[in-house]
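What follows is a set of structures for review.
Each of the next two complexes has chain A plus one other chain: chain B in the first, chain C in the second.
So, the complex of A and B:
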């Protein structure tokens, strides 16, 4: 036993993720790798028509195929209820299909091949309806309705709908959701402006491309309890929602999450394949596994919300922002998922990234026959930032001000409460701006490129900057934003941390373990994290909104502090010392000042265990952040803390081809405090690459309701040689509410890249492109048009 | 995947062509890098018999035969890139290999497979055309092994379609050793530097002597149903000095002679623009470096 131990800390160190050896060794058992005894394989028959009435479905031949255990259609599950954010979506389609991904029937069979063969035997007769593939068309008077009310149904059926709780009676128009927000008086703002700009920005479809595709295994036990192996990001919300959809007692539903091969927001909603698999399990009395093919993942998993955004903004000659008016049209697709609610985040960027006295914001999410959008890392913020940060550059240019100076003049400061009600208790925005600008040499490069752009030469260099504001301390979207922790110590000094927080590859297990080590003075190897079983773990709202480190971290610290108190009290009593003078270090109880070892932690725990009281060190804690709900006008604080970042992008534009190469990204991120430097770097670098894909290469091409590139051959993810050099700086503002001062950063790094790239292309070529992505052909066309105009 | 009736794996060319003649409906498996994804996607249906030709020694190897280099059909792209004869005499193929898919695909995919897949965007086709390659075909319609040879451009009929007879096997590609002073360039233009399918590709080759370009061959990929000769550009260049006016005229001729389609990878307009710009760039590069 050492005589004395000095204080040591894991905070800020580079810690390898706890699950790294398993994943790197190919040993992680994802849902694909799990097979249960007696398991059947499920497959879904999807529509071959974009918008049509279903006249007849003939499943007889499929049912007769040997090896087939069940073939179901909507008629077989009259109890099914609509799913999704607006409850406008039946898992199995009843009278009509509204998009090419629509589920018509499902099969459970002995093998995937038999299930596949059975699908081919199902005959469907359709009657085509007119297709709406442009949200503008959906708004035209007389446009066909995507969700018409059934015959004879009118508004007065609302009471009926409520009474039954089942029926979905449709919509009288194609508007899925509307958001309105206002602060100040934009007319006054416009009167006070010296410069007013208005432009329309077009944001495209991209999808998550998780390495692990969607999947579920559902089974009922003999008592009717439902167990789902599921990739969901929100197990506790799903437990409740599944209970509603299936008309079951939630207590009979258990969700186990096998290691999840990527989420990025895609697994935040319930999708038809999940209840359908449950229906199949119910119909067959066997476990049913349904895992998407990659093509299915492209066709039938959600996208990022496509947006047409018109931004009108103004400033004074001295660089003060005066107003912003934003009107967006969201293509909702055929059904409503989280994409429709992205205005909630978009308006924060519009009203509060910079100080803007007057703002008016309006969104319509409109039904079409296109794929529907869900939640995706950044949640509308990439789209809003793309417009706002391009306008910042354009306004700066219009008043002859340097883009950095213009931003600094309008940037938020710590302590600010914005007109929308967001309270920035910690705010490193200005430091982000100056750090990123200095580290990249932004101003000198910006001027030099400006001067060079008219000179002859095929390659043009450009530099562009963009900044972002995003929730970093949870987000009050649901009634609670909390997370529970149970912490258990065994008699060898090992810790089991049972947390409600889900791991989707973001590294939460490692950070939570670190935070516990910090309180309990145990090595990282002494901590096990249990986080994937609703029957064991305490409640948590789910992994989204960059909240896990902050919320689950504070929760873990709370439980660990309680355990620490218990241990130190017992040790003090045993050693006849004062608990306040003791500390826990490296698995030992020590005197805090000198580090002198009093006893090993394991010994103390065993003595407690064997004492008359048979004391076990086991604690629980529930953390709810001190943020409030916004009122119905979207005013108020949503998060306990906010993350900030500035990214400077340097590009080279090949004017012969339109190819834009990202040379370097310099990022400055206000992260509150660095907990795991390695994990943080990974998160930021990965986010930058995801932002790069959004900006330059990725596009789910949707034409008249058809996805034209459902595969990695023509859906272009960024490949290794395209990844730019990165220089990422961290600004530590030590947030007062954050765990050890940290703030959430999961979404932050992806948000600015597209906007900064747009500004860099302009700096390089003088051409401003307001539609994503910046594919070579699009850039070349813009350069070509500019050349023609000049000539 | 389709259920197979029959699987054969002949161990000699003789045996293979006999089986081809007897069995009729045969799908041939070489590297499988095109066949497998195409069959999974339902674009190719397996015929009754699957013939694995990988055990046929005659289809392997790269050798010099007189003034030609014979590249066995089963040569993988990696073997092609690493072979000393290819590196010495046919560096254009090494350059093309470097832009060919990924390392894993290059380790499995074969030259013969790339040719028989007959994709207008096939990465070895344009450089092989520029090098004046012939394909070597074998069959055994009666008691004697019958071999024939065909210039590569004639071999292609359309996307995935060739002049290979049903009972015929592509055994090798023969490439004449280029004369002294021969220079060639291949440019694969995709939207990203790796793992891409060409939006267009261009190959240019010819003998440059005293500044004059002769025996010029120009070929384009991904602008027509098959890889095609850039005959108009060729004609502009033949016997000329590579000065700015000639280069501009050749690039314009190239743009005007291709009739590409619009698809998810590029529009026809953009493809024509890129044919123009890349042809110009290649010729400027040749002119500047020789």
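So, the complex of A and C:
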């Protein structure tokens, strides 16, 4: 036993991921790797028409195929209820299909091959309906309705519908959701402006491309309890929603999450394949596994919301922002998922990234026959930032001000409460701006490129900046944002941390273990994290909105502090010392001042276990601290803390081919405090490259309702040789509410890249492109058009 | 459906399986041999999650028929458990933070072993080229490149894997890039 131990901390160190050795050795079992005894394989028959009535489905031949255990259609599951954010989506389609991905029938068979063969034997007769593939057309008078009343059943099914009490009765128009927000008086703002600009920005379809495709295994036990092995990011919300969809007691539903091969927001909603697999398990009495092909993943997964955004904004000659008016049209696709609610985040950027006295915001999300949009890292903020940060550069240019100085003049400060009601208790925005600008040499490069752009030469350099504001302390999307922790200590000094927080690769289990070590003075190797079984783990909202480190971290700290108090009290009694003078370090109880070892933690715990005072199981729950909730006008605070960042992007534009190369990204991120530097860097680097894909290479090409590139051959993810040089700086503002001062950071790094790239291309060429992505063809055409105009 | 019995060495172990002739090597490795470290990511040779070594040459097992393994040496990520260079790469992936969701990792590790076996001291640019057929959605590749670079630093001369020898070129990049 050492005589004395000095205080040490893991905070800010480079901590390797707890699950990395298993993953690097190929031993991690993802859902695709799990097979249960007696398991059948499920497959889904999808529509071959974009918009059509289903006249007849003939499953007789499929049912007769040897090895087929069940073939189901909507008629076989009259109890099915609509899913999704607006409950406008039946898992198995009843009377009509509204997009090419639509589920018509499903098969459970002994092998995947048999299931596939059975799908080919199902005959469907359709009657085509007119297709809406442009959201503008959906709003035209007399446009065909995507969800006509009554919804989900033809007349002959009406009695069923009444019997089930299905609430959703269709829509009289194609408007899925509307958001309106107002602060001040934009007319007054406009009168006070010296410069007024208005432009329309076009944001495209992209999709998550998790490396592990979607999948689920569902089974019922003899008592009718449902067990799902699922990739969901929100197990507890899903438990409740599945109970509603299946008309089951939620207590009979258990969700286990095997390690997840990427999330990025794609697994926040329930998708048809999940209840369909449950229906198959119910029909067959066997475990049923359903895993997508990559093509299916592209066709039937949600996308980021495509947006047409018109921004009108103004400023005074001295650089003060005066107003913003925003009108957006969101292509909702055929059904409503979380993508429709992204305006909730977009309006925060519009109203509160900078100080703007007057704002008017209006969004319509409209139904089309296109793929439907879900939530994707950044949740609307990439789209809003793309427009706002381009306008910042354009207004700066219009009044002859440097883009950095213009931003600094309007940037938020700590303590600010914005007109929308966001309270910035910690705010390193100005430090982000100056740090990123200085580290990249932004101002000198900006001026030099401006001077060079008119000179002859094929390759042009450009530099551009963009900043962002995002929730960093939980998000009040639901009535509360909480996470529970159970912590137990065994008689060897090992800690089991049972948390509601899900791990999707981002490293939450490592950072939570680290926070517990900090309180209990045990090495990381002494902590096990259990985080994937709703029957065991306490409730949590889910992994989204950059919230896990903040919310689950505070919850874990709460439980660890309780254990710490108990241990120190017991040790103090045993040693005849004052608990306030003791500390826990490296598995020992020590005197805090000198570090002198009093006893080993293991010895104390053994003694406690054999006493009548053990109770070494702690529970703790953390809710984002009560602050004013947003009212129905979207006024109020949405997070306990906000994250800030500025990214400077340097590009080289080949003016002969339109190819834009991302040379360097310099980022400055207000992260509150660095907890695990290795994990933090990984989040930032990964986010930057995801942002690069959004800006330059990725586009889900949807033409008349058809996805033209459902594969990695034609949907271009960024590859290793294409990544930019990265210089990432961290600003530590030590948030008062954050765990050890930290704020959320998961989404932040992806948000600015497209906007900064747009500004950099303009700095290089003088040409401003307001539609994504910046493919060679688009850039070439824009440069060519500008040249023609000049000539 | 026509079946064929094949004999080959899987991670050093003599193996005999009977498979449908149209089955891919990936499916055979995962579903017949039961080794799930090799991943399905796309099924068309674009993502690299299914990278294996065949006679010491890395390739996408989703594009290879199982019957083509007959008489040959197959190494998967599980086969690197007893391989010094493979272990060094796995350790470097852990320490450099190259693993997030981990789904691309086995393919990356196998491809990195191929790269370092043929080019023990690659430049960063050569590493980037070496893994360009492996997609990763989480890390932005930076820490994967760091890991491979770190593993190369005190690189031992690699002991050949079963079947390795020859010039050890990667077949996979030849298949990927026309």
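The rule is short, and it goes like this: the second predicted complex is superposed on the first by the 758 of 791 C-alpha atoms of A that agree within 3 Å, B and C clash if a C-alpha of one lies under 4 Å from a C-alpha of the other, contacts with A are read in each partner's own complex, and residues count from 1 in each chain.
Basically, contacts are C-beta pairs under 8 Å (C-beta built on N, C-alpha and C of every residue); 3 or more make two chains touch, one makes a residue touch a chain.
Here the structure is a predicted model, which means the values were calculated and not measured.
Asker: Applying the touch criterion given at the start, work out whether A:775 contacts chain B, chain C, both or neither, answering first, second, both or neither.
Answerer: first
Asker: Looking at A:213 after the superposition, I want to know if it touches chain B, chain C, both of them or none. Which is it: first, second, both, neither?
Answerer: second
Asker: With the two structures laid over each other on chain A, which partner does A:506 touch: chain B (first), chain C (second), both, or neither?
Answerer: In the superposition, A:506 touches chain C alone.
Asker: Which partner does A:600 reach: the first (chain B), the second (chain C), both, or neither?
Answerer: neither
Asker: Between chain B (first) and chain C (second), which does A:687 come into contact with in this model arrangement: first, second, both, or neither?
Answerer: second
Asker: Is A:94 touching the first partner chain B, the second partner chain C, both, or neither of them?
Answerer: In the superposition, A:94 contacts neither chain B nor chain C.
Asker: Should A:713 be classified as contacting the first partner (chain B), the second (chain C), both, or neither?
Answerer: both
Asker: Touch check for A:697: first (chain B), second (chain C), both, or neither?
Answerer: first
Asker: In the three-chain superposition, say which chain, chain B or chain C, touches more residues of chain A.
Answerer: Higher number of touched chain A residues: C.
Asker: Go through the superposed model and pick first if A:443 touches only chain B, second if only chain C, both, or neither.
Answerer: After superposition on chain A, A:443 lies in contact with neither partner.
Asker: Determine where on chain A the residues touched by chain B overlap those touched by chain C, and list them.
Answerer: Touching chain B in the first complex and chain C in the second, residues 713, 719-721 of chain A appear in both lists.
Asker: Once bound in the complex, which stretches of chain A touch chain C?
Answerer: 14, 16-17, 19-30, 32-33, 208-213, 259-264, 293-294, 504-507, 678-679, 681-682, 685-690, 711-713, 717, 719-721, 723, 726
Asker: Chain B touches which residues of chain A in the complex?
Answerer: On the chain A side, the touching residues are 656-657, 659, 697, 701, 708-709, 713-714, 716, 718-722, 775-777, 780-781, 784.
Asker: Looking at the complex, which residues from chain B come into contact with chain A?
Answerer: Going through chain B, the ones touching chain A are 189, 191-197, 264-267, 270, 273-274, 277-278, 281.
Asker: In their shared complex, at which residues does chain C touch chain A?
Answerer: Residues in contact with chain A: 30, 35-44, 46-47, 49, 76-78, 80-81, 90-91, 93-95, 97-106, 109, 125, 127-129, 131-145.
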